[in-house]
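Presented sequentially are two complexes of subunit A, the first with subunit B as partner and the second with subunit C.
And then the complex of A and B:
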């Protein structure tokens, strides 16, 4: 079958958009935990933790540059155990897909379209994601190319105007409560880095698989810089307490400012940016889910799986959480961290162990970074 | 059942073939037999018989057969005369209006008079044709036809045919000279500093126009004929060694695959070679401009010319190509870039403005500044329709006006603009059917849509605009965003002869951005588009920025 390829640049774009969308819209460094005015520090910490997390998830994949995690887990753990772990793993894509989707739905319902039924908002996004994934991975990568500049510009635009009115004294005192709340607040954004699990499905389709991890880490770096900026801006404009209590702090901030007489409402820009960003996020997760499932079931083509998976995703997004408070509860580190640990980190840890065992034991097993392609 | 049918078919075809052979034998030997092409034969049968009719040695039989084949059509002239000292009966066949009268005159003179003057003594009946061909004629190109098919196609191309009694061959001579339109400025694609010459309906002239601009031996022009009845000449030009061979092979295969009765314009061919027939967006550029085609060739694209059409087709064509205009290149960098960028913006305005207007007024009035919103609402006072109906109505009116404007004879043109602009626009507002805001939006959209340098792209925007209005009216800005993303998804899946349609935006190619949203200085565009001209990427010497001469210190 024709192997679709995406460039490493597109990989960077897609992950940057995905990561930025979710961490900016919910701003977990501020809304979760009690880091308060040290939220930006939490973002910095989350970056370093995220690097470790991504490295754990993605580094193993580089040893199998022609296989996705679904395929090499079977090679490492044996057929049935491998399939079982893959199922967990695929569950993570489903979970991330519908949670992100619901988050978007809540953003829109809260601040922009209070009367539109949630099903319409979520449904339109799912339709778009199915459309692009059905078209294939290459169109998805190209959509990343198209959306990246628009998304970045709109996001920076959103954060630019508040800077003019910000009161940076709100950022003091630094580390008043010590490091403990900062680390606590950094947990959730770190766990959200689970999005980078998509890497393990995408690596076989990347032009230069050996550089895929680097692209992913760069995307985390840039998106973390924007997160730091957002945390600083929100805290300095709204104050730490008001920001922490808002459902979607960046929105609250953007509503609070008034650029000029004729440009009073700039919230269209972040909403537009997050719409584009969520489209990419959902599409990538849907692709990984469908592609992984098709490899699990040894199907030639993942496309027939799309429609059922889309229905499942939208149903779960609609019914999985009853309101935005429940969604926020899910993002609490004590809820989301074990979740992600169990379905994502645990299987990967087992794979690492199996990898080292196998490498010690059997010759003919890939020892070096990758077989030349 | 299947077997039976197969046998029957075989039998029938056998009979048919036998019959044809009998016919041709009859014709070849005895012209007084039954008519070969009786009225009962259908078009396909007639064509089949026509394919296989050899000429006989008897002049009268040949002429009779020719008249049978062509039905003695009134525009086909047959001039009989006696040639040479042996007084060989001869005939000249040509079609009025396709031949050059002066050339014909010279030809007749040669075979009737010069044949005596030159003192050729040994003109024999049997080899008169060869003698004349080699020793008498000064018409450069001539060929010998052995059967009716070659004879007719020669004559139908404006050549003259000489037939002699006793020779089962005809001499086909280049006497073409029909009237063509003079080369004028392309009416549909004006440009301020562009070349004033546009293509015309004659393919030879068109290829000559290109050849004059690109005088390289590597400008190759391949030709073929398309159309079982129409037989239109189709030629495609490219720079050998620059254009990708697989693109060329694909195009050649697609052109050769066409089986159609007649090609009346390049639009016919376009539909057969496009990659995405179901898309609203054009993936083949059709243009009348010589500079556009020459520029495309230099980038490594292929141009297809169709005889009888003043539009050349350019493939592979990407989205960017449709928004480039010659003026971008003839004006220096900042100005050219500005108008290019303006065109991109206008395209999006033409596509989205009415939809966004409807969405904002229907769902998100809070996004507008209060004073503006109040003004719009005050103007809408008394209008009985919702915004979407108003907008739809005015857009519909405008589209009808535009279509009428194209179809109307030149003389009525001003009348329609008066009716359209004054009566419909002004009176509709006064009557309270629509509000001034909608008219402003629709008029602005219309003007923006006219900036598209290629008609077909503007057409896509015109149609999609209505869908965006519906989406905006149903789901607000969310619907508009949905429409935008859906269009983009569609666009990134498109290909034109295998090349991604949205390049250099998606896939993003930084090197090609020099000629995408903006257009840099000519001397900065050192390399050809990466996906097209990759076989010979460099098109000029880098570092040609003009410098002032060194100062001499003379104040």
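And then the complex of A and C:
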């Protein structure tokens, strides 16, 4: 079957956009937990924890550069157990897809379009995402190329304007409550690194799979820098408490500044960036979901699955969370962390263990391409 | 590698544009700006007897602005429409009051261009929290609006016309900016964003700029009655911005006058310009004016057990603005003497503010906050007892003031006096 290929650069772009969008929009380092002015430290901690997470996912995938996680979990665990574990991953893609979509819907509904039905906002975004995924992975990668500069510039503008009015003394004192709240606040952004699970589906489609992990880690590095910057700017502009109460702190911040008498209301920048970023996020998750499901069912083409999955995604985005309270609750570390741990980290751990056992049996195993045993 | 079946995408695209054809002809539930009432200033008042919140909104009138007619603020003038309209409603909560306004308004009010938020003295004494929470939660309001505490009749302030401006809201902002640039009469908390951020800071109390309503009310029936024909050019500006309103938590407890506000600004390193008048050495009946431009202030707290000492160093530069002596001595001792006098004036201003805050036991200068930021370990220990410690804090002030320039001429004008015969 024809294998679509994307470049590592495109992989970097896509992951950078995906990570930055969701982490900037709700700024979990600040809004969750009590890290307050140490939110930027939480972002730094989250980066290092995220590296571990991505390495766990990515390093295993690199042992099977020709296969996606759906295929090699069958190889490692046997046909039926492997399929069972693959369902966890597909579930994770679905979950991330509809949760991110709903977050975006909440931003628009709370701030701009209070009377528009959520279904319209979410539906239009899903239609766009389906269109690009239907076209294939290569067009999706090129969309990433196209959006990346616009997205990055808009995000940087968002964070640059406030610097003029920022009061950086708000960042002091450092570690007033010690490390405990910082680690607590770092949990949610670390867990959101689960988005990099898409890597395990995309690696077979990358030009040079061996460099894919590096691209992913670089994208995490750069988006973490943006996250640190965002945390610093929001805290120094709004104050730690006001930022922590906000539903969408970056947005609250950008509305609270007056660049000059002629240039106020610069909130188009974050909204523009989030719209574009969410489009990429949703498209990638939909792609991984459809591609993974087609591999699970041994279908040649993932496209027929796309529309039903899109309908499921948008239905879940609408019905999965009944209101903005539930959405905020979901991002609390005590909810999201065990959840993601169970559906992502736990299967990966099992796969690693299986991998070590298999490798003991025969040294040539990683090169092996058999499907199921 | 051709694998495209373009039929489905084509059909989708066609349907998409078909939709545009139908719906883009016009918005089915459009709301044109001309049909909205733009609120530029809003005041919040509290009636202690009934416990009701009162919202007074100043709505810009697009009809009036278009014609350039400068009608009065209230009542229907003879000719064109007025430039703005003042509407009022009450309610148990702030949102109810806002919705009640819409019952008496022909247009939907648009709050996103709100530029000035006024709190009446009663409201401020009752506590700002209900209003602030609403503003923080609401999607239309923006934290760039500027808060003030109004001494006097709020409604009257909103109704009267500013001599040089069309609308009251922007007028107040211009006045604030002018004052902030030119002199030191109002505290620096000049946006809701700073207000919010300040309320949450440990060891720092809130201070807000203050407006005194100046327009004298006519004896009967408001300003429009009777002597309407009076020349308007001599009218006073209805608002005087001066001083600061002091809060404990979110409740108003007192005021700083202009001198105390200047002292407050010195202490918190927020001086931009300040005019000060004093006598030249040796001449009691003459005055000279010095304008301060630029100041560098450093506040360092020292903690010993439960004793807190604050060391304040002020470095400032001044400019001689007028001088009416015979001759401006260039010698060093005259200059030093002037510098010392200037430093004394500054010290007095700081002392006044310090004294008042100490009497009220109100840490508006954020001494506690400075401790929190620079000596967090000590603050952790002292935070609970801060109300007992703050009045005992010792302040040491060291002022270095230098007058840098004397302007375009050195000596004053030499008036040639013909010897009388």
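Keep this in mind: the second predicted complex is superposed on the first by the 364 of 373 C-alpha atoms of A that agree within 3 Å, B and C clash if a C-alpha of one lies under 4 Å from a C-alpha of the other, contacts with A are read in each partner's own complex, and residues count from 1 in each chain.
Everything that follows uses one rule, which is that a residue touches a chain if its C-beta (ideal position, glycine included) is under 8 Å from a C-beta of that chain, and two chains touch if they have at least 3 such contacts.
Note that the coordinates shown come from a computational prediction; the quantities given were computed from them, not determined experimentally.
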Practice task
Determine, under the contact definition given at the top, whether A:113 touches first (subunit B), second (subunit C), both, or neither.
Solution key: first
Practice task
Could you look at A:5 and tell me whether it touches subunit B, subunit C, both or neither (first, second, both, neither)?
Solution key: neither
Exercise for the section: Identify the partner contact of A:131: answer first if only subunit B is touched, second if only subunit C is, both if each is, neither if none is. Expected result: both
Problem - Partner chain(s) touched by A:272 [first = subunit B, second = subunit C, both, neither] - result: first
Exercise for the section: Using the touch definition from the top, say if A:79 reaches subunit B (first), subunit C (second), both or neither. Expected result: neither
Fill in the blank from the handout: Partner touching more residues of subunit A, subunit B vs subunit C, is chain B
Exercise for the section: Look at A:145 in the shared chain and tell me whether it touches subunit B only, subunit C only, both, or neither; answer first, second, both or neither. Expected result: first
Practice task
For A:34, decide between first (touching subunit B), second (touching subunit C), both and neither.
Solution key: neither
Completion exercise
After superposition on chain A, the subunit A residues reached by both subunit B and subunit C are 112, 131, 135, 264
Completion exercise
As the complex stands, subunit B meets subunit A at residues 363-364, 366-367, 369, 372, 475-479, 481-482, 485-486, 488-489, 492-493, 500, 502, 505-508
Problem - For the subunit C and subunit A complex, residues of the former touching the latter - result: 1, 3, 9, 12, 136, 139, 142-144, 191-193, 196-198, 200-201, 372-374, 376, 380
Exercise for the section: Write out the stretch or stretches of subunit A touching subunit B in their complex. Expected result: 7, 9-10, 108, 112-113, 116, 120-121, 124, 127-128, 131-132, 135-136, 139, 141-143, 145-146, 148, 261-265, 268, 271-272, 275-276, 279
Handout entry: Complex contacts: residues of subunit A adjacent to subunit C
Key = 2, 110-112, 114, 131, 134-135, 169-170, 172-173, 176, 237-242, 245, 252, 255-258, 264
